[in-house]
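Each of the next two complexes has chain A plus one more chain, namely chain B in the first and chain C in the second.
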Partner chain A sequence: MADIARDMDISSPGRSESYELRLKRRNATERRFRMYGVIAITLAISALAVLLITIVSKGSSAFTQAHILAEVFFDPAEIDPDGTGDMKVIAKGNYALLAKRSLYDLFPEVEGRRDKRALTRIMSSGTDLQLRDMVLDDPSLIGTTQPVWLLASDDVDMLWKGHISRDVPESDRPISDQQVAWLDQLAEQGQVDRFFSTRFFSSGDSREPELAGIWGAVVGSFWTMMVCLLLTVPVGVMSAIYLEEFAPKNRWTDLVEVNINNLAAVPSIVFGLLGLAVFLNFFGFPRSAPLVGGMVLALMTLPTIIIAGRAAIKAVPPSIREAALGVGASKMQVVLHHVLPLAMPGMMTGTIIGMAQALGETAPLLMIGMVAFIVDIPGGPLDAATALPVQIYIWADSPERAFVEKTSAAIMILLGFLITMNAVAVFLRKRFERRW
Partner chain B sequence: MTIKTCAMAGLAVFALATAAEARDQIRIVGSSTVFPFSTTVAEQFGKTSDFKTPVVESTGSGGGLKLFCSGLGVEHPDMTNASRRIKESEVELCAKNGVADITEVKVGFDGIVVANSKEAEQSEITLRHLFLALAKDVPANEDGSELMPNPYENWSDIDPSLPNKAIEVLGPPPTSGTRDAFAELALEGGCKTFEGIKAMKKEDKKKYKAVCHAIREDGAYVEAGENDVLIVQKLVANPAAYGVFGFSFLDQSADKVQGSKIGGIEPTFEAISDGSYPVSRSLYFYVKDAHVGVIPGMVEFIDEFTSESAWGPDGYLADKGLIPLPDDDRGTVRDQALNLAPLMM
Partner chain C sequence: MAAVEMEQPEEALDAKITGRGVNVFYGPKQAIFDVDIDIKEHQVTAFIGPSGCGKSTFLRCLNRMNDTIDICRVEGDIRIEGHDIYGKSVDVVQLRTRVGMVFQKPNPFPKSIYENVAYGPRIHGMVQNKAALDEVVEKSLIRAGLFDEIKDRLDQPGTGISGGQQQRLCIARAIAINPEVILMDEPCSALDPIATAKIEELIDDLRAQYTIVIVTHNMQQAARVSQKTAFFHLGELVEFDDTEQIFTNPSEERTQDYITGRFG
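After this line comes the complex of A and B, so read on.
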């Protein structure tokens, strides 16, 4: 003992020089190693921060929209000339003309077709729908004159938000000096303002950025996720239970296990191709339907859910099973009464994370026609629909300047959904998880 | 219990799927270049008519024609957009699958521009310069009968009048119709100015095409993806680079980028419209005649697309960057389209 202590210099107060050197080097290595970790974390956090800051700074302005205040005369001659009061007739009225006239009234000095055209360009081409909806809501407006905040065109909106500069030459911007002068005149009288845009949350896609909204994509994503959930949960849970509790351990179950693990790593586009070949071409399901989208995404998320489910079942201590068997429960009773309730929080977490992954997926939807321009809000899983990430992709590819901020705003909404889902998963785990 | 309910609900959804056979919505696929125009018309059509808004998918010209030609019936699209004309082989594929009657509608033109940042000077180049700058193999001698791998690094290596800057061009990948059209119109246009290569066309058409359409792969041409918005952003960040994209993107970003003059002609609405700008192509859509009357609203959709308020010089498609057909042609094309005149190759 004493020999060893002497050899290792532990007992001696004056440690050898080489020992000090080694110790120093070891400590330095340790410090460096920790530093690498700190650097890695800093890099990751700053990348995330840059991403979030760019998205929020670009996208936050999309939640407001420029409007122009004008006095609109709801001329009965243009809406309902015969005074029928029939909603069908009223819906067909010439509202575009009413909107145009209200602008002409603001600038009576504007003459000639070209100038008048330039003037009407400052308002959105969707103002006719805006007025029509007002009248359909309240037919007593017909024959009256009302102050209305008309939706401005996307170029005016961009100018007001500073995304189009006034300083560049006239030929380089989509809005002319004359139009800017008109707008400035209106702004002086307080007739141009930005409001919170409810339209962004309530309407479907549009080619006009000021009319485009996210709701169609949200509903499409909702139906897709519903189908996906209804398919994956029963199939995933049953597979996990069977494989973990009932399946004999032999070459076949090993093969199945290896395949499930492999499937979890298959690129998602492959599932899209499978969906195209099987669901569309063989079974003849409709293109662009959330039903097919959900089925394809279900195939994609199933491995994740099965693997998470098996891990959750494995975590239930065998003593619980044995005790239940010992008091005479059948195998099925053991599973349904004891194992499954205890494994449920883990399974739910896996499911939610799988769903969040599916929510952000575009590639498989590309093959089955869900990457499309769809204006109507889908009413069910069989109507043509897009999904949130697809909407982001389509907007990012559009030439109009105003779609840049819409893209970022849509990303913010998608991130919001993902963060919520992950937070629910964390909450479930914290709340219901049992440790033994 | 819950599992049982879920499974039943799943089955119910399946049962519903088979019930929904009929379709009351026009389905359009095809070119991403025509997509902005087709969708604008679709939206307008949905707003102003009693029909549902058509669903438009952007699949690329080739992908669209493949889907379009895959057969008759509600599961196949009714129309397809194309930024090039339908090929002989595609007509045959269509016929093989029972799609015998097709109507072609030429909707307008699209210019392809070579643009750079406004911070740099506007360039003036020719098709020949473009070919020499971007081709994989370039002529080693005066008339182009012998070839060598592209040695040019700077624009001034090609022609002393060009700026002394490295060649760096951002453009679409091979899957893009814009790339095909750029290769065909710009590169081939410059390529055949060499007598030796032009002579090759008669002897060996395949080799001619390979020489004229192949783009260099040594990094001077950067495949920037299908997203033209991204190319514009990259050009702003790098004033030394040039980008290749459709005219509508130049039109929307005129404060950031400028189009180079090609052969002395600036890419403007007017120059593309009258055909003097050399790199412009026609845009089309194709209609499956057998679906007219089965899918509601098809003729009305064609009517909307070919109305003066849509595709005319003052129409809403011009605002989106579509360059209209000459005045005389529009009437004829419209009449033929509305009468579903059969395709003439």
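After this line comes the complex of A and C, so read on.
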């Protein structure tokens, strides 16, 4: 022993020069390694920041909408000429004319069909619905004159938000010099302003950007996710439990396992094609329906949930199972009383992450027709619908300038949902994770 | 089957557990070779032997814990009070309520101390109401010598107490279902000497009511707590005799070598 100690003394720390050198080099390597990590993280965070800043700066203006203040005379002759007071008659009134007249009143000097048409173009083609809804809400408006903030057209909106430049030649912009002049005249009198757009959150898709909203897509996504959740959770959790706890370990279960892992790697569009061939063409389920969308996404999400579930079950220490078996618990009691409660946070996390993945999935939904232009808010999983990512795809593909900000706004909402879901997953993991 | 029942081998009349020609295989590998053993009631029987000699494997045959291992196969005849525990009509769950087990590493459920002890009686429907359950829990904890230390913390997690206390909690959990036999697989190997002494004392107390089989690495422990000792080597039961006999005057040379520390 003494010999060894003496031998070690020769090269003991701090004594030899080569040791000092080696130590320095080792520390430098360590520092460098840590720096690589910091660089990688910085790159990732700045990429994320650029993405978020771009989206927010492009999309935030979509939450407000330009309006034009005009005095609208709710002419009984156009709404309800016979004075019936019947809501059905009132609903069919010529509100478009009322809206036009209110603009003509603002600019009495405008003459001629072409100019008048140009004038009416500064307001949205949806103003008739706006006025109609007002009257349906409160029929006593008929016969009165009211100041109304009429929804401006998307071109005016874009001009107002600065997305259309006044400097470009008239022929290169969708709004004429004359229209700009009218607007400036209105603006001087404080008759143009931007308001928070509740319409964006409450209406479905539209050809007119100023009328288009996200709600139809949100509801479509909701039904799709519901169907997906109801299908994947029971099937996924049961598969994970069976494979992990009950199935014998043999070639057959190995094959099943390999295939589940393979399915998790299959491109999502393939699941879409499968859904098209099987659910739509063979079983004849309705096209564009959240039911089918949910089923297709369930196929895609199942492997994720099964794999996460199995990992969570595997993480439960075998000693807990032995303890329960040792006091005479049956296999099922072991699983239900001990393994599942401990594996639940992991399983829920896997499920939520799988759902978040499904929520952001576009390609398979395109295949089963959820890319259709649908104005109505879906009332259930069998109605034709679209989903949030598909709505983004549709808007990104639309030529109108105003859809650019709508696209970014929709992305913001989708990201909001995804971040919320992931936050819930993290919360669940932190809250219910039990240590042993 | 009837023929097998008939030709019960000659055995000590007061044997609680009898093993005859027990072979255990893990896949193609044989772990236990032709073991014959008679374990008596109200005694502590210690299994000693070097690592990998099969003593734990044999212990786990006694409550069919090896069933949970897919590749494990048990041959031969193991009887508790004359009933073949590997018989077709035997319910494993039932068997394990009669043959409790304490493991090497303390493994309380990640639940409250109370729930740990109450779990067994509850799943077996051994108590009718909460008051009776409280009583069973209290009795078991008292018997395990743990009650005084933790009586104010019954609702706290069983994983939050010290290792020695956890192991006694596991013993309380095992005796809460009132087994006849308690198997202990190196119950003190993860504990410090003071906790070990407490457990050993407890084992001695429990002997009056239960039949205890303990696997241990520690020969002093075997000498201290057991009345009978079985020495396993390479899957064979080399020698099985009174503890005193084994440690003072073993009849086999291999036993002699092992207890004097020449191998193992």
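The rule is short, and it goes like this: the second predicted complex is superposed on the first by the 401 of 436 C-alpha atoms of A that agree within 3 Å, B and C clash if a C-alpha of one lies under 4 Å from a C-alpha of the other, contacts with A are read in each partner's own complex, and residues count from 1 in each chain.
Rule of thumb we're sticking to: contacts are C-beta pairs under 8 Å (C-beta built on N, C-alpha and C of every residue); 3 or more make two chains touch, one makes a residue touch a chain.
Owing to the predicted nature of the structure, the values given are computational and were not obtained by experimental measurement.
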{"item": "Touching partner for A:Thr351 - first (chain B), second (chain C), both, neither", "value": "neither"}
{"item": "Partner with the higher number of touched chain A residues, chain C or chain B", "value": "B"}
{"item": "Chain B versus chain C as contact partner of A:Leu342, first or second or both or neither", "value": "second"}
{"item": "Touched partner set for A:Arg117, first chain B, second chain C, both or neither", "value": "first"}
{"item": "Chain B versus chain C as contact partner of A:Val327, first or second or both or neither", "value": "second"}
{"item": "Partner chain in contact with A:Ser408 - chain B first, chain C second, else both or neither", "value": "neither"}
{"item": "First (chain B), second (chain C), both or neither touched by A:Ser319", "value": "second"}
{"item": "Sites on chain A touched by chain C in the complex", "value": "248-249, 317, 319-330, 333, 337-338, 342, 434-436"}
{"item": "For the chain C and chain A complex, residues of the former touching the latter", "value": "63, 65, 68, 70, 93-97, 100-103, 105, 107-110, 119-120, 123-124, 159, 170, 173-174, 176-177"}
{"item": "Chain A contact footprint on chain B (complex, rising order)", "value": "3, 6-7, 9-10, 13, 16-17, 20, 23, 25, 27, 29, 32, 35-36, 38-40, 42-43, 46-47, 52-53, 55-58, 75, 118, 226-229, 248-249, 251-255, 314, 316, 320-321"}
{"item": "Residues of chain A defined as touching chain B within the complex", "value": "117, 125, 129, 164-165, 168, 171-174, 206-208, 227, 230-231, 233-234, 237-238, 280, 284-289, 291, 369, 371-376, 380-382, 384, 394, 396-401, 404"}
